[in-house]
């Protein structure tokens, strides 16, 4: 298990960019504050310039603009130092290749198709009529039910569950505990009890989708739930039935998207966001952590927010009581304005 | 795998209601906008009447009132079109029957009782003294520890975990990744560390309870945590130890119910709701998504709410700062009212 | 499966404290309201004194101060009745000992080290070069990938997943569905798609850490994510990459800690708390349920809060609209104050 190492010239030969100083040999990426002579650090935010001077790193990835300030250091100059750092990190930690073969404890139903290039781990279950692409890695304890289709190079970490009839694109990666295609939450009230609405749609994950640990993507009620290519979803996210999520959107942990919501491409959701169902969110919307999205966002490129501001418990208790009386407070101000003949310059959507 | 199909007269023979027009053969339910000649659609909300005219559906389920407006179409007339649609969908997608038998890779401890009508999937584990009812389906990778009792027709999807000593009623359905009976979070502070309080109660799920994917129902500390019959719980819900939840209550995804909370019957909780512990919530309470329930709700039938309103980040930043000064704002208004001799008509619980 | 029973004198001989009255034999701990003659109850909060008089309990654990009020009852007098109750409960429900041995269906890679004192359950997978301490219990369906190190007496409940390269201290207990060491959510934008940043750090859990069901502790990007000894984490908690959490901190269910957050020792987090990333939270901070932590908390020992107050939906709708106009409301008050020459005694950080 010797890890790879590369000189600066070898790195730039593979990834582009320009190197300066001594052509040192590097074995890992580290933050500037922890890097040693065999490490390469990076400066993505000029705010941390001072760390470059103090760092023991053998080399530093910087922008062309910043390079001029560090004539003494070994550098790689890159248009986007953060992206370049990510690529160097991947160089030192290449994607694990599938060891072709089915573990003797795995169960693959006779009419499933598993190419010999796939790695099927211990205690895996692959259901009937499920078809895997080349070089898939299905790790220990994962279950893929019947009638699923997986593209090439899919990676399921241990203990993932994919329900029947789901489609996963190429290079989809799903982390442990995630569940793809469980029933959507559809109920019709039958006078004294709830009648379950069969969930007969499936789930389609586009190419290069990544799904975090213990995340749920529910199957559709009649048509499919769809996640567009390149979209990245963090842990403990809930995507309700019949949601349609665009391409290259990023959703952080513990966010919940209610059923039949449509989200555009290149959106960025912080953690712990919630939405009502049956709404549309435009492309390139940014939503801060902890926001409750209560209606559609139609204009693209907006930055939304909504957490209640944290206070000390004492301040919170003193202030929060007035939340329940804001409408009244507004009226009291109006009375005063009327008494004083103050011009009421506001328009009041509430009254 | 030919899916069933039915004529309108066959459907009404089974489910009641009245059909009109041509006795067409139907093979699936679809939304009006996507339905083709072999599909049946439904009109539950008169708001969508225009879709009926445009739909290519072979037939439409409507209320008696709406029926008069569509003399040209093939109809099924039902008292509750949405519920009727759900029942038709079930007709086309019948509940899967257990294939009796224990998979050779499953482990069933010798003194567990598993009737031959049960379907025990690959890599399932059934612990000592656990007793299953007839026709249970325990799918791949699920674990039911020792001393559990499962009623007839229980369905555990893949990778479910049921801890020891839990009781599941008839027709309970539990989705993948859900965990029933993990230890409640009980700790006593011991001066410099936390002493774990043994959780010696169990969990009881009533008949027809459905538990969503990656949901947790913790076992009780001394007595049981109880979920009443017909209650439906969505994904990623957390039910703390010793909660008592009534019958036919519905709880949407990512809601968290703190320990020792009692919730009535026929309540409806939106997603992402949180509660403090040791409170009571009356029957038929509706709670909107994202609400923090901070005290008991004693009067039944109320509709509660509480998410912070979403704004653009700029507006949020400008307004949120005043949340921390609402009490002061209230006092400033009072000063003005006193100066002007304005009658202060409010009662102020905060001061 | 006869459960143990003890007389009051046997209990105090083991746990300290003083007994009074008759030396009755006790077989379980129960709440005062449910206890029978063979049970012992406890009075931790003087508010519930009346329950002692009414209880059928064979004996009651009380403080020295409360003891004087119950001369007729069989008592154990303890400095901290709640902690004493927890210890008595443990006496009646001792920690289960490992049954040494590897289940025939488990897969242990040849170069993993599993001492004979360990209990390895059905369908467990232990990866290459993983080393277990003495008396570990790894229950059915759990997966521990390669290169992990587990201390003595670690307990993994069924269907736990530990990714490669993680370190678990002594007596660590992890509940079902929890995932330790999945990739942190690190992405660099590459112009039209997201480039995944390899997550090459690990996770270190200190001695006596407990991790709840379906909780995630992500591995670090370059260095480790660390949970200090004695820290207790409830269900469905998300700990992002490179978080450093101190000792004996308690985090309730559904809380989300964003990446690179540092949390001190002896903190108490309620349920459903969220934090932004890259902040520091001082020792002994208490955070109420549902709070969004948007910045560092530098002074230790504070009690923070932040849920939006629940209202009826009608009140909420009437009041919430004014949240979006608080800044304007503040300005209107200022105008009135200026008109009246009222001294503006506030300092206004917002304008």
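The first chain written gets the first letter, and so on, giving A, B and C; residue counts start at 1 in each chain.
Here, contacts are C-beta pairs under 8 Å (C-beta built on N, C-alpha and C of every residue); 3 or more make two chains touch, one makes a residue touch a chain.
Computed from a prediction, not measured in an experiment: that's the story for all the values here.
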### Task
Count the residue numbers both chain B and chain C use at their shared interface, divide by all numbers used there, and answer same if that is over half, different if under half.
different
### Task
Would you kindly give the rotation angle relating chain A to chain B, two copies of one sequence, based on a CA superposition and rounded to a multiple of 5 degrees?
120
## Note on the structure
Taking each chain's mean CA coordinate, chain B and chain C are separated, in whole Å, by 26
### Query
In chain C, which residues are in touch with two or more of the other chains?
105, 123, 141, 159, 177, 214, 236, 254, 307-309, 311, 320-321, 323, 325-326, 329, 333, 336, 340
### Summary
In the complex, chain B touches chain A at residues 28-31, 34, 80, 82-83, 85-87, 89-90, 92-93, 103, 105, 121-123, 139-141, 157-159, 175-177, 208, 210, 212-214, 230, 232, 234-236, 248, 250, 252-254, 271-272, 289-290, 307-314, 316-317, 320-321, 323-327, 329-330, 333, 336-337, 340, 342, 346, 349-350
### Message
Help me check something: in the complex, which residues belonging to chain C touch chain A?
### Response
105, 107, 123, 125, 141, 143, 145, 159, 161, 163, 177-179, 182-183, 185-190, 192-198, 200, 214, 216, 218, 222-223, 236, 238, 240, 254, 256, 258, 274, 276, 286, 288, 291-295, 302-309, 311, 315, 318-323, 325-326, 328-329, 332-333, 335-336, 339-340
